[in-house]
Amino acid sequence: MAKVDFAVPELKEYPEIPALKMDAMAHSSPFKSKPEFQGPLGFPGELVENWQQQAIAKMGDLLGKYRSLRVYLDACVKCGACTDKCHYYLGTHDPKNMPVARQDLMRKVYRRYFTLAGRLFPQLVGAQDLTEDVLSDWYSYYHQCSQCRRCSVFCPYGIDTAEISMAAREIMDSIGVGQKYCNEIIAKVYRIGNNLGLPGPALIDTLEGLEEDVYDDTGVQVRYPIDKAGVDILLVTPSADFFAEPHVDGLIGYGKVFHEAGVSWTFSSYASEAANFGMFIGSYDNMRRLSQRIREAAIKLGVKRIVFGECGHAWRVAYNFLNTLAGPWDFLDPRYPVPQHICEFTHELIQQGKLNLDKSQNDDKVLTFHDSCNVARASRMGNYPGGQFDIPRAIIRATCNHFYDMDEETIRDRTFCCGGGGGLLTDDLMELRVKGALPRMEALNNVMREKGVTHMAAICAICKSQFTKVLPYYGMNMDQIVSVHQLVSNAIVLTPRDDDQDDDDDSDD
Amino acid sequence: QPTLAADRIGEYVVPSSRAAQVKQCVEPADHMRRYHMELIQHQRDATVRHGIRSTKYSLSNCISCHTGHTAAGAPIAINATGQFCNACHAAAAVTLNCFDCHATIPSGEGWNHEVAQQLLLLPPVSEGAE
Amino acid sequence: MKRIVYREWRIPPSRYWSLLALLAAVIGIAGLSTLYVEHHGHWVTGMNNSVVWGMPHVFAVFLIIAASGALNIASIGTVFGRTVYKPLGRLSGLLAAGLLVGGLLILVLDLGRPDRLIVAMTTYNFSSIFAWNIFLYTGFLAVVIAYLWSMADRKGWPYNYSIGSFAMVWRLALTTGTGSIFGFLVGRDAYDTAILALLFVAMSLAYGLAIYLLVLMFSFNEDQRPLGEVMLKRLKNLLALFIMVMLYVVLVYHLTKLYGAKYNDIEHFILLGGGVYTLMFWFGWIIIGSIAPLVLLYHPDYSQDRNWIATACGLTIAGGFAAMYVVIIGSQAFPINMFPGKTIVAFGAMTEGNLIASYLPSLPELLLGIGGVAVALFITAVGVRVLQFLPESLADNVIDPHYKAS
Amino acid sequence: MSFISSVFAYLYYFATLVLVVGLLNKIVQYARTPAPLKIPTTPAPITRTGVTLRMLREVVFFESLFRGNKWTWLFGWIFHFGLFLVTLRHLRYILEPVPVVITMIQPFGIYGGIAMVVGLAGLWARRFLVDRVQYITARSDHLILGLIVTIGLTGLFMRFFMHTDIMQVKAFYQGLYHFEFHLLPADPVLLIHLLLVAALLIIFPYSKLLHAPGLFFSPTRNQVDNARDQRHLAPWARRLEQQP
Amino acid sequence: MTYASHSHSSPDAIDTPDSIDAVDTDRRQFLHYAAAGVATVALGGGAVLTTLTATAEPRTTPVTSTHRWGMLIDTTKCAAGCDACVTACERENGLNLQQSPTDDAADWADQQSAWIRKVTLRDNLTGQVTQLPLMCQHCAEPPCVDVCPTGASFKRADGIVMVDRHTCIGCRYCMMACPYQARSFVHQPVAQKLTQVPRGKGCVESCNLCVSRRDDDRQTSTACADACAASGQGAIVFGDLNDPNSPLHQALAQVNSRQIRQELNLNTGVRYAGL
């Protein structure tokens, strides 16, 4: 891997809107996907012969299928409100990382081929043919968008650059220009069941190990069942939860919560992945195929409810798309929303007083919370708008004594992406990831200095992985990032059960 | 085939007003249409501030000349619906507050009124004759 | 120094919208009553050719001087360098702007011809203190906005001190100007003294702060933000100080008036024989509006209790209205002393025994005045919700880094 | 003069046609294009009424823009509000009888005209002064701003300096309803004003001015956040579902 | 512009029974003066083609400070129970067309417009009762003009203080400022008005020395003065303070007169004798 040398940006006390630095990130683009990863997703292996026509045709196809694309390519007035909102622009200073400029990469092609003005007066309206240079720009800059939707919040028309970069990626895929990281992973899910390519037996191993660890720690037998049919709940969680730090601490927490709730539950080795990378490449088909695995698993295991673990993008697909892609869910228990977030589950228990939480267990930490972008801006928890902000915070407050929010401009729906979302969590984009994390790092740095914050909790696998990687670049510690359910796990006072001594007999009703 | 319709200046002059019998306004009607507000505004300041009571652009004079009359010869308020001022202003969505204060028919004593008196003595113009 | 973190006011939407709806309803009613007055003419109010300024002016003048007083908090922070007051600056500016707009709106809507507002904005008579006041008021708004900008935008920080000082000068000019509206009326005995301007400055400090404190306590309470004892104690003591200053100026005012023999009659009227006005003066302004709050603010127990502090603020404000009523209406009700040594037996339609002009506020004018208050609060409520005016916390350890819990 | 009047008459028929057909075409296109997935930008309202309110706030107050950029918001809002008032005021030329509200709004329309130009000036200045905005500005952006500013300035010029014969202008437009061609006043300023307005009407459906209808069709703003309660399926996605 | 107060004649002169004659003299002088005035003013403005006034023309040139209009009111002549001047003013200016919008007579008394008031005074020491009409004093240094924010209150070059009701916003500050309570606010819509005296709701008005008469050189007096003379009292003498030959000037020379609230130094155009 060719390591690029780059300067880690300096953390400032107040966010600054940088001056433009032309083409600062033109060199940044991820590895291209190989034919063997393209095939299983239904994409051509490499750049097709008549790629221009095909790309335009695909674009026309998408324009007819997605109102978002159609409207957003027309509606932008170049007001500039979004220009300083993207963390990649703030971190890299590259003007093409301003959301509107990113859209314009596609808009100029759209204008050229699909609008009267662009056909007649290309210069006047900034229309341009789809040339190789343009394609290379596309590849580069549409892979510098983490689809975090921060730009959409501030755009007067809600123009969502994520929609456009998804479309761009789909168009590129359709002519054989795919991104290695995403496509390889999707192929892996199709083959094995999860992003990390952990086969069933490996999972079982890991989970048994966890059960022992927890037992050693607490003296209480907490179960982490997998592929157990006839239980109430199917827990779908990002595969990182199975072994990476700090993810796995969260997973331990889920188990403890279920244990306390006294419900029966299971993982599925077939649907052992919550994340759905089909969204990143904007492919409805692939997103649907991935989602269907969950449906199949739920039917096969005969569960009554589906709960998702801590993962931002996964939760977006689950909350907003699952019903569309893999519904209807009429065979599940209608008393519960489908799916539910583990935080919703835990929060409800806390409210009902069913969890015995000892806050002092987290007294070694002063916490803040990172709203993961897809949870904050593309989904919800609970039964009112904004529940996704309050519920995780409520859980944190219930599990620890010291909590401070970061700057208001950098949290809730204005939260900054961790810098690694949208299929960019790959080492070949390290420079982008580090620079893109700048706004979040600044806000974190400020609360660390002013409020003495030591740890940042998150509910997204990508955020956690990204921060573990990136924090050290900014002189912080990789273990400053924690899972929310890790806090729960620490604080929870487990109730011993009869079967604690009795390893194998779990007689659930 | 649409044709260019003739556009008549002076079409708003009320037939039963004295103006109907006079050939011209105090300025060419085309100019009056565009600038009457400025003329009377200017006159207004001249009168109030400097005591100039010339009648050429005076509002009372406009009213004297442009008020319509009933068949019986009684003057009709100039801002009444369809009357001279109102006909245009309703169409042009202009609201005047002039007539909060200014008499809408010539009335009262004094030299202004003498002008009005003389106008009143004129035989009312029969309706429709134009 | 620690950064002060400001946050939008985030009380639950239902509460927020009900608050706005309530204020909007009050404003709406005021709007309707204004239309009513404009349609019928001012005969439906209590005002007449003797008492030409009534309830609307009581409210308007009160709000305008309170606006100046509300900005005083920001001045203390910026100009006098009392950093403890800095976090209060933004709200102070917002409240000042709101109060001023509320007051001006009342004034404008009470005009005989509000439709000619544009005339007032475009033709000026520069010998009129009133015309200067139009500049002072609109300028005040501009200055406050610049001031807020210099407090909120980092680019503005370097200018904060200069803008702040300018704002303070402007503020004093504004209150002085408002006082002079009355002070320059040589024809009326109750006015005609420069001390009136001073009195207005003193009143503005007290009333502005009282309103500020109430708003601060309410908004912090609703949003569950910490408002520490240290801050509250400072503000409370400041309020007490301002009330005493005001009392002192009132004393001086009446002493100077009593000194000049020609003012004996009006002094007698206000202080002794003026019926409702005397009552308003002693009971409203002095006892309820000054002494009682002072007692509360210095009482060893009551002064520790937030409810009593709020009550003190409320009383001060009530006293303020009484004060305005006495100053504005009382002084007009007393007949002009045109013929020294002679008693007016008949004055046109007014005949003997009826020479004290009658004035009874009517409902529409009262509603208009209340509407102005609602406008001020409405602006404030919207402002704190959409922009970052309120500091996140005024807890003792936040405002004072050296604070130690004892 | 009668020649010019005829030219304008035909021009306005044409411009109106382009505007109406072009705009309808776009609106139908937007309405027909499905939004296959639920993508409201959250926190989004969870009821239809809530969405209507959100949309209303966006249209009336430019809420998102307010959060996004205060200066742009300020000028943008001043411009649009001014434009709105001016448009209402202009209804007097094309409506007979003139509704009472339109009559009452007249004086405000003039301030609206001034505000509109001030707002545009601010917006235009930004295109030169802010490097980011300069970067994203195309020639057409300047052109549209220039067009509207000129319309505004000629209008104001007529209002304050060179009055035109409004009755005749009105007669001209009233005449167009019945294919009667009336004369336009022979005022160059008026003719420029009207010419540019016609240009504006023509480019409307083919330019970024589509933001006005576009906003109403923006899925991130007009969708209800109820994905878990109601299955949302686009027609083409349903077809996908039927072929296994 | 200043001029000395005249105090040549003794106060007793005022009470002499031949004061009626004095009025007659005044009248004659008035007429004489008027004739001269008409003769000296050019009859310009022939440009108006619709002119219907065949004889003298109203003024076509701006007023100048050549004149300063004023009055002398001899309170000793003002009769108890008489209010002819008030009635005349009301008729002249259409104030008699005012209609009470309210049933409350006391309220209406306070709210209706009064350009001139009949005032009765009793001396605190002697108990002597004095009658006088009180209207705008046409101050040379008018406080009402100083305070008016829009400049609607103004002083014409010929000394008449009046309100330009096109720019008056109805703020009533001038009423606060006037030391004589000479101004009225129109509290109700005006249904009937005279062509010559437009007046309407929401503006302030006051005596304007019958201004439209002033701009017509055929007119030499005010309605109130005429009425007082006609009633036989002749307590009001109207004229030009600047013209040493004017009857007003001569009358001032004969009686001891003063300004009301002289201490304010407003240099009023209306002077009172016998006060």
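All chains are identified by letter, namely A, B, C, D and E, in their written order; residue positions are counted from 1 within each chain.
Here, a residue touches a chain if its C-beta (ideal position, glycine included) is under 8 Å from a C-beta of that chain, and two chains touch if they have at least 3 such contacts.
Note that the structure is a prediction, hence the values are computed from the model and not measured.
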Revision key, fill the gap. The chains touching both subunit A and subunit E are C
Point to revise | Centroid-based (C-alpha) most distant chain relative to subunit B | key: A
Check your understanding: Between chain pairs A-C and B-D, which one is joined by a greater number of C-beta pairs in contact?
Key -> B-D
Study note, to complete from the structure: Computed over C-alpha atoms, the centroid farthest from that of subunit E is that of chain A
Review point. Distance from the CA centroid of subunit B to that of subunit E, rounded to the nearest Å?
Key: 32
Practice item. Mind checking the centre-to-centre distance between subunit D and subunit E? Centres are C-alpha means, answer in whole Å. Key: 59
Check your understanding: So what's the Cα centroid distance for subunit C and subunit D, whole Å?
Key -> 43
Point to revise | Where subunit A and subunit D are represented by their mean Cα positions, the distance between them in whole Å | key: 38
Revision key, fill the gap. By the touch definition above, subunit B meets two or more other chains at residues none
Exercise for review: Two or more other chains in contact with one residue: find those residues in subunit E.
Suggested key: 189, 201-203
Study note, to complete from the structure: Touching subunit B in the complex, subunit E uses residues 45, 47-53, 57-63, 92, 94, 154, 156-158, 162, 164-166, 189-190, 192-203, 211-216, 218
Review point. Okay, in this complex, where on subunit C does subunit E touch?
Key: 38, 40-43, 47-50, 52-53, 107, 111-114, 116-117, 119-120, 123-125, 127-131, 133-134, 181, 184-188, 332, 336, 338-339, 341-350, 354, 357-358
Point to revise | subunit C-touching residues of subunit A, taken from the complex the two chains share | key: 13-14, 407-408, 446, 450
Revision key, fill the gap. Within their complex, subunit E touches subunit C through residues 86, 101-102, 106-114, 117-125, 129-130, 134, 143, 145-151, 167-173, 175-181, 183-189, 201-204, 260-261, 264, 275
**Study point:** Complex contact set, residues of subunit B against subunit E
**Key:** 22, 24, 26, 44-46, 48-56, 60-61, 63, 65, 100-103, 106-116, 118-119
